[in-house]
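In the two assemblies presented below, subunit A is common to both, partnered first by subunit B and then by subunit C.
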Partner chain A sequence: MSTLELREIRKSYGTLETLKGINLNLESGEFLVLLGASGCGKSTLLSMISGLSDPTSGDITLNERRLNGVHPKDRDIAMVFQSYALYPNLSVARNIGFGLEMRGIDRSTREKAVLEAAKVLQVDHLLDRKPGDLSGGQRQRVAIGRALVRKPKLFLFDEPLSNLDAKLRLEMRSELKRLHQMLGVTVVYVTHDQIEAMTLASRIAVMRGGCIEQLGTPEEIYNRPASRFVAEFMGSPPINILATQQTERGLEIASGAAVLKDLRPTDPVVVGIRPEALKTQAFDGAITLSGTVDLVELTGPEQIVSVALNDTRVTATLPADLPLALGQDIDLFVEPNRILTFDANSGDRVECLPH
Partner chain B sequence: MEHQSRWFRLFIHLMALLVALIILMPLAWLFVMSISSNADLSAKPLRWWPNEIDISRYATLFDRSDNSAGQAFMASLFNSIKVAGMATIAAIMVAIPAGWALSRNPRLGWVLGGIIATYMLPPVALSIPLYFILAKFGLLNNVFGLGLVYLSILAPFVTWLLKSGFDPIPKDLERAAAIDGARLDQMLRIVILPLAMPVIATATIFAFLLAWDEFFYALLFTSNQDAKTLTVAIADLAGGRVSDYGLIATAGVIAALPPVLIGILMQRSLISGLTNGGVKG
Partner chain C sequence: MFSERMSPRALLLMLPLVLVMIAVIGWPLVDTIRLSMTDARLAGTSGEFIGADNYTKTVSSRNFQSAFWATMRFSVWSVSIELVLGVLVALLLNQRFYGRTLLRALMILPWALPTVVNATLWRLIYNPEYGALNALLTQIGMLDAYRSWLGEPSSAMTALIVADVWKNFPLVALIALAALQAVPKDIRAAAISDGANAWKRFRYVIMPYLIGPLMVALVLRTIEAFKVFDLIWIMTRGGPANSTRSLSILVYQEAFAFQRVGSGASLALIITLIITVLAVAYLMIMRRFAGEAR
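Now for the complex of A and B:
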């Protein structure tokens, strides 16, 4: 069953078109992540769904009900803000119960619901405090509790974890995931952190300049990116993009560091190879890239190695226990089907099957 | 700042004391004058503390019998309270929605700029048109008329003050309240105004003081006990052939009390820091 449906959503501020026709279908219980660089229109799209602003054109429907022009409070939607947006002068309990209070729910029902939500988020011992007396993580929990307590049809999150420190962010991320699995709610979640997107999402919409560049499961987005932009956006360290040349021998990568014999694309292409696809062990059918070790960065579980190939470099993530010296010669092996090819001009991914 | 030396702390306290002295000296002198006898006041060299304490002037000013100086003075005191109080309350009532609207719609900023620009006009230039307007509505020598004039002075000033008080309150709070289902009045009352309380209190005190101390329009637009305010009444005391400086000082002491009282009442909300913690700073 489809819950949220966005059809051709456009939004202009003056002459500037911020959203250029967004189409989305969200199933009930889905966790959709809107991923994109700063300024690509993620928050704008979210505020359109929440009703805080209206689209210039296009339709928003939630459970078959058209939402255009409906006030935020009548949309059955809750939102968690990046800034938490807790009411500083009200107690935690009143903050969480504010939505129920405004809807005229009687006191005892309200208190029960607040306590229940607070228990789920483990803030039930803080109910009498003011938001100012809480730590960042606790504030974030309270903000989520405020959204949770109303049991809305749809949850909106606008970069909820970006104000937390690294460790807490990790914790809250798992907590959100657990919460989503436990409650089965429908979520639209905005972030510019690709790891957050990969770990949380049931589907990711990668946005760029007011359009959705690709919509798919995390696995699809990572392994079969629709474009060079998506490929470069996902993954850390980022994907290696290498120039190619057509020769009689086949497709030459990085000025002849390797040759893809069977690939003969019709248009100029670049290839993309993920750092973790590069191995140091030879295997059957592998493509070989020969170069010298340029830079080694140990992250703990693995080392990020930069290898100079003729006039370019590639990055490879290799096991940490592999002994490597700067300047040493190294052969990297990659499976042919892990080499992605993109049109050099448009950036779209092209399939150039061997022939 | 936890590791200041003893001497540095002493220095800070001494400086604070000095500033307090400079501010309080004239006030203390005013009080001393009000309880000195005329002989002590005109003695040469000047006595810093009177030989005998004379509180008869307080009795004179609090005297309620008909046609006495005290009755006129008390009437002017109540007129001042009425005029300044009405103008201040009205100005705050106008300025809360106006300041909030201006804060949330920066594009309307020019409106406020234009109104503030009228402050550049000297009051003399406005006095004649104002006089005619008040005369036309029969509001000359009337506390409401004077209050209205003061409102026109206070409202822009208070609006501007409150706007800068609303500015740092994050818009996300209003968005959250809207999604939570708060009506506009609930949002303002429960969420926004409590956060703006320190600024509202400051604005109230400043507005009240401005109206309380106003002299020029009060002198022009009032003529007798029906509407005459304290500033004019004190000037009357000085205007006779012989001026009793002690009496003027006594009137000054009494005139200073209501603003001080309001200041003390508002002190609690003046303590700011209420906005801490609701949003990530």
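Now for the complex of A and C:
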């Protein structure tokens, strides 16, 4: 069953079109992440789903009910803001129960619901405090509690972890995932952090310039990116993009560092190779890239190695225990089907490998 | 800090300021207290010591009591109206509309005018023969004959309050507008999606941000209103029939018109005391609000 449906959503400010026809279908219980750099329109889209702004054209429906023009409070949607947006003068309990209070729910029902939500989020011991007395993580929990207590059909999260420090962000990320698994709620989550998107999402919509560049599961987005933009946006360290030349030997990459014999693309292409696809052990059918070690960065579990190939460089993530010296010759091996090819002009991924 | 006690060096550095303060505040105050206990007159004798006589006479005098209540009426009405009007105007100017910036700038004008200009302007408006108010009211049919707004005890005080409100609500509006702009956008949005109506949003979301700055405006405006002199002096000179005579005007008349410096000084000190009590009371309220806001 489809829960949220967006059809041809457009938003213009004067002559500037910030959303250029967004189409999305969200299943019940799904965790959809809108991922993109700032200015790609992801927050605009979120605020239109919440009802805080209206699309210039297009339809928003939730459970077959058209939401265009419906007041935010009547949409059965709850939103969690990046800045938490807690009411500073009200206690945690009233913050969580504010939505119910404004809807005229009676006191005892309200208190029960608040306590229940607070317990789920482990803030039940803080109910009498003011937001100013809480830590960033606690405030975030209260903000989620405020959304949870209304039992909405849809949760919206606007970069909820951006204001937390690195360690807390990891904790809250796992917490959110656990919460989603436990409650089975439907979520639309906006972030610019690709790791957040990968770890949390059941599906990711990568946005760029007011359009959805690709919509798919994290696995699809990562391994079968629709375009060079998506490939470069996902993954850290980023994917290696190498120029190619058509010669009679085949497709040469990195000025002849390797030749892909089977590839005969009709248009000029670039290739993309993820750093972790590069290995140091030879295997059957591997493509070999020969170069010299240029830079080694040990991260702990692995080392990020920059290898000079003729006039360019590639980055490879290699096991931490591999002994490497600067300037030493190194052969890197990659499976042919892990080499992605993109049209050099449009950036679209093109299939030109015989499988 | 280096030490709880002040070092001699620090004292030395503060000395010039302390000397200036003693010269311009301390000494005049002490001398006023001295004067208030004498029967000194403006010209001639420096006066004999008569103890608290001036105070008992002043407080029980009908002039003082009528001036006190006139000042109270003026202060309470103008400050209350200024606060309400200021907040309403600030809420309006915080909305997005075409020409908002121009309107914000224009709003400051009355407040930026010197009181003398404002008072003269309103005196012209209220003029019984060619005033704009009379013209307006007769032309729209609300008035049969021209009235002397400042010449009748029934309307003079109201006319003064209107003039004061016109000049001073922009200050409140400006302070309130600054406070409104400090309300985070996300919190407003959260309140909207929580289903709070306009009044509840004002009460629970905006008011907490507004209350502190408004208290400051309240203190400033009350103290100023209580000291009012120039506006009234130019528009009515305390008349008609002393109905708009404020405490400051009474002090002036006592000390300089009737040349009774001693009793004038006692009056001035009584005003100072009243204002000090007001200021302390406000400071205590403000501290409570500051404690709550955090």
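Basically, the second predicted complex is superposed on the first by the 353 of 355 C-alpha atoms of A that agree within 3 Å, B and C clash if a C-alpha of one lies under 4 Å from a C-alpha of the other, contacts with A are read in each partner's own complex, and residues count from 1 in each chain.
Everything below uses one rule, namely that a residue touches a chain if its C-beta (ideal position, glycine included) is under 8 Å from a C-beta of that chain, and two chains touch if they have at least 3 such contacts.
The shown structure was predicted, so the numbers you read here are calculated from the model rather than taken from an experiment.
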| item | value |
| --- | --- |
| Clash-or-fit label for the pair subunit B, subunit C on subunit A | clash |
| Touching partner for A:L134 - first (subunit B), second (subunit C), both, neither | first |
| First (subunit B), second (subunit C), both or neither touched by A:N163 | first |
| Which superposed partner A:R146 touches (first subunit B, second subunit C, both, neither) | both |
| Touching partner for A:P72 - first (subunit B), second (subunit C), both, neither | both |
| Subunit B versus subunit C as contact partner of A:T312, first or second or both or neither | neither |
| Subunit B and subunit C contact sites that coincide on subunit A, given as residue numbers | 47, 50-52, 72-73, 77-79, 81-90, 98-99, 102-103, 130, 132, 146 |
| Subunit A to subunit B touching residues, read off their complex | 47, 50-52, 71-73, 77-79, 81-90, 98-99, 102-103, 130-134, 136, 139, 146, 163 |
| Residue ranges of subunit A in contact with subunit C within the complex | 47, 50-52, 72-73, 75, 77-79, 81-90, 98-99, 102-103, 130, 132, 146 |
| Subunit A-facing residues of subunit C, complex | 184, 186-187, 189-197, 200, 204-205, 208, 292-294 |
| Partner subunit A, residues of subunit B touching it in the complex | 170, 172-173, 175-183, 186, 190-191, 194-195, 274-280 |
